[in-house]
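Presented sequentially are two complexes of subunit A, the first with subunit B as partner and the second with subunit C.
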Partner chain A sequence: MNTDKPHTVMPPKPSFSVTNWARINLFSNFFNSVVTISVVLFLLWIVPAVFSWMFINAVGFGGDEALCRSAEGACWPFMREKARLILFGTYPYDEQWRAALASLIVIGLVAILMLKRLSVRMMILLWVGGGALFVGLMLGNVMGLPAVQTVQWNGLPVFLLLAVFSLAAAFPLGVVLALARFQNQHLLLRSLATGYIELIRGVPLLTVLFMGLFILPMIMPQGFFIEPLFAILIALMLFHAAYIAEDIRGGLQVLPRGQFEAADSLGLKYRYQVLLVILPQALKKALPAIFNTLIGGYKDTSLVVIVGIHDMLSTAKMAYSDPGWQKYGLEAYFFVGLWYFISCWCLSAYGRRLERAV
Partner chain B sequence: MGWLANKEKRSFAIQLSLALILIAVSYIIVQNVRENLSAVGIRVDFGFLSGEAGFDVNESLIAYSAADSYGRVLLVGLLNTLELSVLCIFGSTLVGVVMGIVRAGNNWLGSRLALAYVELFRNLPKLLILLAVFVVMVNQLPVVRHAWDLSGGIYISNRAMYFPVLIWADGMSFLLLGILAWVPAVFFWGRYVSRHQDLTGKRLPVAWPVAGSFLFIVFFVSVLFGIPYQFSIPVLERFDFVGGGRLSVQFVALAVTLSIYHGGQITELVRGGIQSVSASQIEAANALGLRQGQITRLVLLPQALRMIIPPMGNQYLNLVKNTSIGLAIGYSDLVSVMSTSINQTFRPIELMSITMMTYLAISLVVTALLNWFNARTRIIGN
Partner chain C sequence: MRRVVVLVLVAFVLSFASATLVMAGSVLDEIKSSEKIICLVNPNSPGFSTPDSKGVFQGFNTDFCRMAGAAILGDAGKADIRGIGFSDSMKTLVARKAHMASRSITNTGTRDADPGLAFVVTTFYDGQGFMVANDLGVKSATELNGATVCAEEGSTTLLNIADWFGNRKMTYKVENIGDKTARLQAFYAGKCDVLASDYTALLSDRQLAPNPAGYSILPEIISNEPLTLVAQPDQDLEAILFWGFQVMLTAEKYGITSQNVDSIVKDLSNQPKSVKRLLGEKSAVGDMAEKLQIPSGWAYNIIKQVGNYGEVFERHLGENTAFKLERKGTPNDLSSRGGLMYAYPIR
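What follows is the complex of A and B.
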């Protein structure tokens, strides 16, 4: 009997060489070669152009406006001069520490909620407390702080107020809308939720913002005045809620029937069925879609500039409307873009981590 | 209150109270609106639509002057929105499909570049991109007097892009008729070819009869009616170009921005669709001896498209709605003319309801088309 191990021939070890790698990854066929060559040509054009704009032809932070006028590249002294204007706009100069502190409070609030697992009660407490602190700091007229009108609120704090609080407030509303549309016991409730969601999703955000600006004050009783800033906040919340509701409904739809029946047969009341069994699972399934909506909503908050709310796109425009600095619009938008890019990137990284964690 | 234990009665009670609340709230709203409007001395009335608008738009597909009515200016806005949407749908699809294929392909460099593209535009707001593109175009492009001459009658300045257009001649309506007749003929020829292949196994030619018949129709009709094919070419006069066609710098900035922005999202859809087709499908097709082109056309695309098309429809809907950001740079789209009209007439209720209904109608049409397509391409048995 042959007890020898079968003689196996291992495949030859692939030897790594640059030419081999290039042949496989860059020039494996005609189409691939075309792609490689066009990409290289594109990079040869864009990389030097961007590099010389940002560094070689640019004026460094130490320079001044006179130097910028003769330079072909970026004018970084613009940033040094105008960063504060872009961040806080026309908020009274001596009081801008309040705007900075208020922005930090919102950022800190979001950071705490991301890093710590908190009970729902604690979250509500934090949101309400943070919101009150923010408004108190910005508005003033308390604890010896001079009053600042909301029309003077500009830049980063306004953006954070609108983006963060509208999305946070839209979430519970979205859950209610999703549950209302998903059930089929109360037909009137369902058709109301469906109608609302489809109406909002069928029109551009801009028209909803105009609704907040023009129609909302009109349906209020006479003599009742609503600040445009808060009207826009409400409009944003109503808009995002419809999208979040659809994401959550997507999560509800993929839950197996058995989960509902099991919750039913345990004798749980509807409230507990939803809170303990259905929602945790549905939210988990809906997480990627919800994060997409959150990031999209966060970015789209920038549209408020069109209806006359001064977020950072508006203060950026103020910064390059100054006489002497009018050529540097791109620098201003570069600064704002950096903020968006970093914050959106953090948000999506957190979303991916959360998806893995749950 | 024992009757509340009955599920149906409870449901009825809830719905009844909901209906009552709804009626009460709408009554209060209507009352408030009426009071607020009467305080400024107006009431809801669509009659103003026939009044003179009195403001100009920077571009229009139909004849329009400031003396025309509000109804007409809204139509101009709608047509501008649709024109921009259609162009951007083509643009973003082209960008997205090319980048998506490159992203999913095995070219290391191309795939990385496509990834960088997607990540960059996913993390920036579209309005910021639009404003940056607009600022760069206005600052970097030459003024009209020194417009770049791209030869062939195409000029680019920081006010507009100018290009030659075909002058409408008498015989051209017959040419259009001929092409309209050609489309269904091609369709039936395709059906006949595939039926013939099913019956006999032989594949009749498709490419050259289709192209040949088209050329024949164009040639025949042109000769028959003596169509002159004259172009109107833009010529620089004292202050501006005269003749030819033009696209304003606002339009071009919007078209570029939205095509790139949505192109990035379509890239991800296309990549997902291509990667969702399992590798064994491609191997099986290889084993059957299909050629590379056939594999792409007959195996890969039909399965990938089924994944790609539904989210693509949503993407197009978003794109149509996103054209409204043109207001930020002064492109006369529907929302923009609505906003100007509101500021002039202070009739937000009428104007906003018209605008929102229009967008809803567009959404419904696209959604209906999408559902029809999904129903057609659904895998039977899944």
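What follows is the complex of A and C.
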């Protein structure tokens, strides 16, 4: 009797070789080969060009404008000279540490919220506290800090204020709008939410910005004056809320009916049904769409230059408008582009991580 | 916990809604008590007002803000210069939240008729002109029959062009491009024969050409654009701005500069009467200071801290700047040299 265990023979492991890998992944058919070769040619052209612009033909940070005039590559002394202007614009030079600190507070706040799991109450406290600290630092007139008018706020802090706070405040509003539109017990509430969302989505962001600038101050109570900057902050928040609401409604719609009925049968009040059963699942489903809106809204913030608010794109333009430095727009926009790339990349990396975690 | 949240919320809302201060008394009193004169400029107009590397506005227009600071508060640095868009700056002035604007505003009849704005004194005579590539071989705008003109959509530029070409029965084509960068790119790429804009705008646009020397601005100026200082209506403030500017013209006329003013003051007894009236203790400027309630050395302060008109012009727009704007024989030269800058008598 054969007592040997039946032994299975595995197919031979293909020995790894670069040519094999390339044949399978890069040159599997004619079309793929054409694509591969074009991409390689493109990279061969663009990478050395960018590299020599950035390093080889560039004038280093230690140089001066005179050296830049004859150089073919980037003029980094421009950035040494103008970095503070691009970051903080016309905020008084001696007080710019406040603008820097305020910006760091916002960035830190976002970082904490991304890295730590916090209770809703803690989050609200952090947002409101951080916001108050930001405005107090920037505006001054408290704790011996000289007052700085909001027209002098430019660059990074203004961008962060508008982008981060408008999106953060739009989120809870969006949740409420989505819930109001999704239910059918209160028809009036539903039609109000639907009307609001469709109205906002039916007009361009620019229209909403102009509304914030011209209409909002008119409807303020007598004796109150709202700074254009804060009017625009509110307008942006109202705009983003409509889009976030629709993202969340998308998540609500894919939830099976059974979830609502199960929550009902547990005898939970509406509030707890929503907070404990519905929202956690709906938000999870809506995550990709929400991050789409967040990143889009973050980048759209630079439109505020139309209403006379100068974010970093606008201060970059100021930097190369200086008669002595008019030729270095590319360097300025390179810097701003780098900022957008890094911050947007962080945002979408956070989105991916969150999708895996929940 | 909840109470803390509410408290922080209240503080937040309060910091948002900053109530406006009600201004009492004259504009001049307000300037003196707050120790600053709020002056609105264009946030980005190379040569006229652009923030320098420290975020401080520099340029031809900002120097008239500094002139006001030197005259009223004795310190040019006390001018609180703020960059703000055109229509916003008009609204801010009318709402009495700023004291003056120095931002290349053309004085027109309908604007001056507005009761909330006082047009005070013209600091720069501009006008619409044409720029061409030297290769085109055109020396005068009258040779532009049939040309393609790059101009800004929706501006008065197009109306002026229509008038000018129409009056001469010349034909032209318009390339209508709203965005400035795109317009310049189109022109420098040869899409149009001519770029039309304000003369000074053309000068700074030329600096952005791949080879600025390859372009020239034609001698014809086809519109009048008197760029004027605007103040919040207040008789004293208007008088100070008007006469402050006259001090700058007079100083140039007599060759007094920020460099030599100190030595002239030291040697005042040997100076001509007209100079004594401008810089002396018991002089015309002293009488004016008493009536206007400003520091008695206001004329000296302007000349010392800002300079005479020619100095300001050369500093920001002249031969040694990127703009290389020639002043000789233009309306911006002194009247004694054929310009329109006519110094009123300070006596």
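By definition in this document, the second predicted complex is superposed on the first by the 341 of 358 C-alpha atoms of A that agree within 3 Å, B and C clash if a C-alpha of one lies under 4 Å from a C-alpha of the other, contacts with A are read in each partner's own complex, and residues count from 1 in each chain.
Keep this in mind: contacts are C-beta pairs under 8 Å (C-beta built on N, C-alpha and C of every residue); 3 or more make two chains touch, one makes a residue touch a chain.
Only a predicted model underlies this, so the values are computations on that prediction, with no experimental measurement involved.
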Partners on subunit A (subunit B, subunit C) - clash or fit: clash
Contacts of A:Ser321 with subunit B and subunit C, given as first, second, both or neither: second
Which superposed partner A:Gly131 touches (first subunit B, second subunit C, both, neither): second
First, second, both or neither for A:Cys344, with subunit B first and subunit C second: first
Partner chain in contact with A:Leu206 - subunit B first, subunit C second, else both or neither: first
Touching partner for A:Pro172 - first (subunit B), second (subunit C), both, neither: neither
First, second, both or neither for A:His186, with subunit B first and subunit C second: first
Contacts of A:Leu139 with subunit B and subunit C, given as first, second, both or neither: second
First, second, both or neither for A:Ser302, with subunit B first and subunit C second: first
Residue contacts on subunit A - larger count, subunit B or subunit C: B
Subunit B versus subunit C as contact partner of A:Phe225, first or second or both or neither: second
Colliding region between subunit B and subunit C, picked from 187-195, 205-213 or 313-321 after the shared-chain fit: 187-195
Overlap of subunit C and subunit B interfaces on subunit A (superposed complexes): 317
Interfacial residue positions of subunit A with respect to subunit C in the complex: 81-82, 84-85, 88-93, 96, 121, 124-125, 128-129, 131-132, 135-136, 139, 149, 151-152, 154, 223-228, 230, 308, 310, 314, 317-318, 321-324, 326
Interface residues, subunit B side, partner subunit A - complex: 7, 11, 14-15, 18-19, 22, 29, 32-33, 35-37, 39, 102, 105-110, 113, 119-120, 122-128, 131-132, 135-136, 139, 321-322, 324-325, 327-328, 335, 338-339, 342, 348-349, 352, 355-356, 359-360, 363-364
Complex interface listing, subunit A residues touching subunit B: 25-26, 28, 31-32, 35-36, 39-40, 42-43, 185-189, 192, 199, 201-207, 210-211, 214-215, 217-222, 295, 299-300, 302-303, 305-306, 313, 317, 327, 329-330, 333-334, 336-337, 340-341, 344-345, 348
Interface residues, subunit C side, partner subunit A - complex: 1, 4-5, 8-9, 11-12, 15-20, 43-47, 50-57, 82-85, 88, 204, 207-208, 321-323
